[in-house]
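Shared between the two complexes below is subunit A, which has subunit B as its partner in the first and subunit C in the second.
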Partner chain A sequence: MSSQQDGTLLKVLLVDDDPAEHVLLKRKLKTAEDASIDLEYVSDIGGAVERVKAGGVDMVFLDNRLVPNNDFRETAPQLRSAGFIGPIGIISSDISGRYFEKFREFGVDFKIGKDEIDGTVINFILKEYTLDQLSETCSEDFL
Partner chain B sequence: MLVTETVLHLGPELERAVNRMDFFRLFKSLAGSHGFSYFGVTEVVSDEQGINLQHVHALHNLPASWFEDPKLQVIDARDPVFVRLQQSSAPCVMDLGQTPSEVLGCSGSDTVVIVPLHAATGKRYCLILVGGDAKPDHQALALIALDAALIFQRYFEVILSLDSISGLSDREIQIVRWTSEGKTSAEIAIILGLSEHTVNSYIAAVLRKLHVVNRAQMVASAIRSGLIT
Partner chain C sequence: MRLPVSPESLLHALYETLPDPVMIIDADRKLIASNAAASAVFGYSAEEFLGLGPRDFYASIEDAREVGRALFPLDKATQTLHGQYQFLRKDGSIVTAELTANKILDADGKAVALVAILRDISETVAAREEHRRTESILNTALASISEGFIIFDKQDRLLLCNDAYFEIYAISAPAMRIGATFESIIRYGVAHGQYADCGKTEEEHEAWVAWRMERHRNPSKPYIQRLSTNRSLLVEERIAEDGLNVGVRTDVSILSQAKNEAERLGQIIENVAQEVYLFSLTKDKIVSANKAARDNLQYSLEELRELSAADFIAGSAQDEMNALIAPTGSAESKIQIFDTMHRRKDGSTYPCRVRLEHMEDPDDPVALAFVEDMTERLEIERALKQKEHEFETLARNLPDFIVRAKPDTTLTYVNEHYARYVGRPADEMIGRKFLDFVPEANRAMLIEHLASLSPEQPLRTSEQAMPSLTGETLWCLWSNLMVFEDGKPVELVSVGRDITQVREAQNRIARQSRELELRNNALEQFSAVVSHDLKAPLRQIRLFADMIAEDIKLGKAEDLATFSGYISQRSEAMEAMTSSLLEYSQLAYQRINPEKFQLSKALNEAWTNLSVNVEEAQASLIVEKDIDLYGDFTLLTHLYQNLFANSLKYRRQDSSVEIRVEAQTDREGHKITVEDDGIGIAPEQAERIFGVFQRLHADEKLYSGTGIGLALCRRIAESHHGSIHLDTSYRDGARFVITLPRQGAG
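Now for the complex of A and B:
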């Protein structure tokens, strides 16, 4: 999660089988005053795995249901198996299912409804997930 | 979609909230359902420190531009919002047109809702709602206060009260164990199929629970306590 800290754009990968969501998210990003984001888009989990393997992706916004896959419980672990250790956020039009309770067990960092996303949410996500939660005394050098 | 009226009182989303992002969503939903664009939740510490919405444990969706002026980064002791919180423990609606607040005046609207919140440990917090056109009546204010108290209670239990909780979860013990093997956060993230951010969140939680400040102390303390061998 170093892109914003060194002044470059944060690379966010949107994985959604509906290309319209890419357009919508781009519009919402324009309303986030603090966001410095380079948004990339792929339409399926295979493409997403290839993209994160290539490196340079800081964060993934993953649509819950990607045809022909089931839900994030099937797709998010594929990104983790590919070695991706950045934050993964599940975006969905419906996050009321009980299975969302266990999202962290599947390597997911947060969940958000598509209709909840606006400029202030994007600002919060970027701040929350690019901020180092550990103090300097807890850096790896102190091991 | 979050439907505040049913969700907050009846509980499914509240019960499922497990991280700061979930609580951000709940407080934002509460603000939005009463016509406010912005919210802020933070601890009310002392006269000297004022109300610091930039504190690491604060939660808000206020634009960063409101805090660009170094003099406006804290709602200080002279601010009418802070004065009100020092004088009363009841929720209220304040008219900023009559009693201007330097920081919250950036919202462009005159109405601010202030809800004092209290943790069971005695610590004081507050919820502030701004950026709305309508002035809530008594009934609306009562609903805001009830929902705020419910969300805050859960937020305190899940996030803020870690200092006083003893015992580690299975996942936290796993992460302490891997740290004791010399693994970095990134390595542990790969091993456990998590993000580095999540691993660091768990480590931060363990540090607070064990009252230690770094990884070496964390491992030593866990061994002494018998949490790991």
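Now for the complex of A and C:
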């Protein structure tokens, strides 16, 4: 069950300065079983802030490196400052940097390599989310 | 028996010849007759006696009354009286006599007169008195002498014993009763622990008692007896002519102790390593010499006693020796100390120091000589002098500062090196305070430093900056050692080592470590960026290729062109990145080949290389001032080329570009600014733009590039020991400030 209890689709916001990542994620969501989500895309953090302020976003997939920012430590707090309280997951081609270990300090709920994202993972994340908030176990599993 | 004379004649003869005074007294107590002896004793003539009354005879009236009451009147029943009374002579002297009075009866038996016979006992009384007085003196004498005195009679029973004896044998005292036998007394003493040497067992006690009794009965020489009270007694016993056993005990504890101590002292002197001699000054001979003296001189004591001092003192004339050992009257010259040579029996000699002390005994003046064989000492002194010389040589040649001082820092020694540093002769510094030569700024610290030295922590070190005479700063590592004796400071030894070069090396290493850390951080970031930016397009290429394959399998063709377009785009990006990395790696870590050239030459070269872009952007270059640079021409040209390329790329749309270069040189080095009138860079990005693959603009169509140009610029500037940064105060475009050292790339 990947939809919410009231039957509406989950609204997932992808924030990535590379449009190709939007194309790829859309394709993965299509192939994922029971992944009934509504994927929205913005290419910069400014757009993402505006979008979460507008409301209706259930979860954010945030690219680690959004030009001209250095990494999520500069962008994730902007979403929290905008009042977004839903799960934020950092996605990146490389999550081996040591600074990723402190992701919780910057308002991030989980991190995941872009290479790891496939239908199974998305389903797992969504199921965890639909139970309530994303549990810590989820993020730990992906460490 | 019948006598040839009549009784009257006989009585008369007796009366007259009796040596004792005889007087006849009538009923009225008047003397009516006396014999010749009475006149002789009392000094009265026979006529003078007649009519004398009792008051004329008795020395005391009480005696006269007593006798009168006993015999008078004559009809009293008392017939006779015998008593001792004192009588007066004619000359007033007193005579003590025994009075025997008998009444004379008539034919009727009536008492008519008294006959009194007086026996002069003055001498007897005097003898008794003398005896009593003598006995008293004896007792007093016995009581007053400290020696114990005791007498046993022939039956060995205690007859006399003075207080001292009781006090000496306090434990045995209860047994010392008059009449007690000697054996019973010593057995009591043995049983109660009186004697120290009587043994512990019953058998030992018996044996000791038997031995003691034997000595008591047959006394010979005095001997020392030890008591359990730590007293030593000299026991002297002898049998007197009348068979009495007289014993005297003298406490010789002190003497024994003194004897023991004297024996110990004698042993010590005998065995000390120093030679000790005793000379008789009158005989000029050795009286005694200890073992060290005998061994060193190789003579026996008997042989030495035949020698005079001159016989074994080498090289001294007899007169000289006589003068040395001659008795003196003054106290000052009683002790003489001199160095000489002793000659052994085998003829060999050795140097020695003699301390001669004259003992001014008038009977037999002697001299006591303590002789120290100086052979070893002189060798040690020679070795010490050699060591001192070596130390001085070492201290003189050591590059360190060496200072010795009293605890209050009064200098006692400074080596030449420190004296040169201070700029004074070493001799002038001796006696002055160490602190006087310490830089003012370091004095408080040194005082605190020295005050903290203790027997537990006598050494402390500190690094101090010291101005040299030439004005340069010298760094010195001072080690201050306070020498303590019995907990009190006696000397300060300070050694200072010039560590200027070491410190510079440490600073250089620290600086290099910091640089290395920065470079490592940069390299880490570089690795992360490269890893990310190279992985991302590869992953996308793989995914799009998979999607194409899936769609073809499913017979779907509508997205294939899009997917393949992404693949091409990502491939091109990869290619550009790898080219940039190659360029970076080739230039960033290239060996510097410094040369001297003009700035304008490098700028022209860079501008020419970008001629196509320059033309496209309608750009112009303005160089305000030309300067000489010393560095790698190729790399610095590349630096300016990258800056120009950035200015051309990030220009305002539909506007020409003007790039202005200014240069100036001052004491610190060259400062070159490159500014443009383009879109500029946000101040918060001032540092990030110098990172590898850092781009500020995602729009590839508008601002293409790999984001490696400024990273390369910084690398080239730093490799020349210079820097590059963005002037964040500049608002009309972007302005980069490059600094380069005057001496070139070092």
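Just so it is clear, the second predicted complex is superposed on the first by the 129 of 143 C-alpha atoms of A that agree within 3 Å, B and C clash if a C-alpha of one lies under 4 Å from a C-alpha of the other, contacts with A are read in each partner's own complex, and residues count from 1 in each chain.
Keep this in mind: contacts are C-beta pairs under 8 Å (C-beta built on N, C-alpha and C of every residue); 3 or more make two chains touch, one makes a residue touch a chain.
Quick caveat, the model's predicted, so the values are computed rather than measured.
Engineer: Check the residue A:L24 against both partner chains and state whether it touches subunit B (first), subunit C (second), both, or neither.
Structural biologist: second
Engineer: A:G83 contacts which: subunit B (first), subunit C (second), both, neither?
Structural biologist: A:G83: touches subunit B, not subunit C.
Engineer: More residues of subunit A in touch with subunit C or with subunit B?
Structural biologist: Between subunit B and subunit C, the winner on subunit A residue contacts is B.
Engineer: Go through the superposed model and pick first if A:D44 touches only subunit B, second if only subunit C, both, or neither.
Structural biologist: second
Engineer: Quick one: classify A:I125 as touching subunit B (first), subunit C (second), both or neither.
Structural biologist: first
Engineer: Does subunit B (first) or subunit C (second) touch A:S96, or do both, or does neither?
Structural biologist: The answer is both, since A:S96 touches subunit B and subunit C.
Engineer: Touch test for A:D115: subunit B only (first), subunit C only (second), both, or neither?
Structural biologist: A:D115: touches subunit B and subunit C.
Engineer: Applying the touch criterion given at the start, work out whether A:R104 contacts subunit B, subunit C, both or neither, answering first, second, both or neither.
Structural biologist: So A:R104 only meets subunit B here.
Engineer: Under the contact rule defined above, give the subunit A residues that sit at the interface with subunit B and also at the interface with subunit C.
Structural biologist: In subunit A, residues 93-94, 96, 115 are touched by subunit B and also by subunit C.
Engineer: Hey, which residues of subunit B end up touching subunit A in the complex?
Structural biologist: Spelled out, the residues of subunit B in touch with subunit A are 1-2, 12-13, 16, 18-22, 24-25, 28-29, 37-38, 61, 63-65, 179, 182, 184-186, 189-190, 193-198, 200-201, 203-204, 207, 213-216.
Engineer: Would you mind writing out the residues of subunit A in touch with subunit B in their complex?
Structural biologist: 1, 33-34, 77, 80-81, 83-88, 93-94, 96, 100-101, 104, 106-107, 109-113, 115-116, 120-121, 123-125, 128-129, 132-135, 137-138, 140, 142-143
Engineer: Contact residues on subunit C for subunit A in the complex?
Structural biologist: Touching subunit A: residues 528, 531-532, 535-536, 539-540, 543-544, 547, 562-563, 566, 569-570, 682, 685, 688, 695-698 of subunit C.
Engineer: Quick one: which bits of subunit A touch subunit C in the complex? Just the residue numbers, please.
Structural biologist: For this pair, the touching residues of subunit A are 17-18, 20-21, 23-24, 27, 43-44, 64-68, 70, 92-94, 96-97, 114-115.
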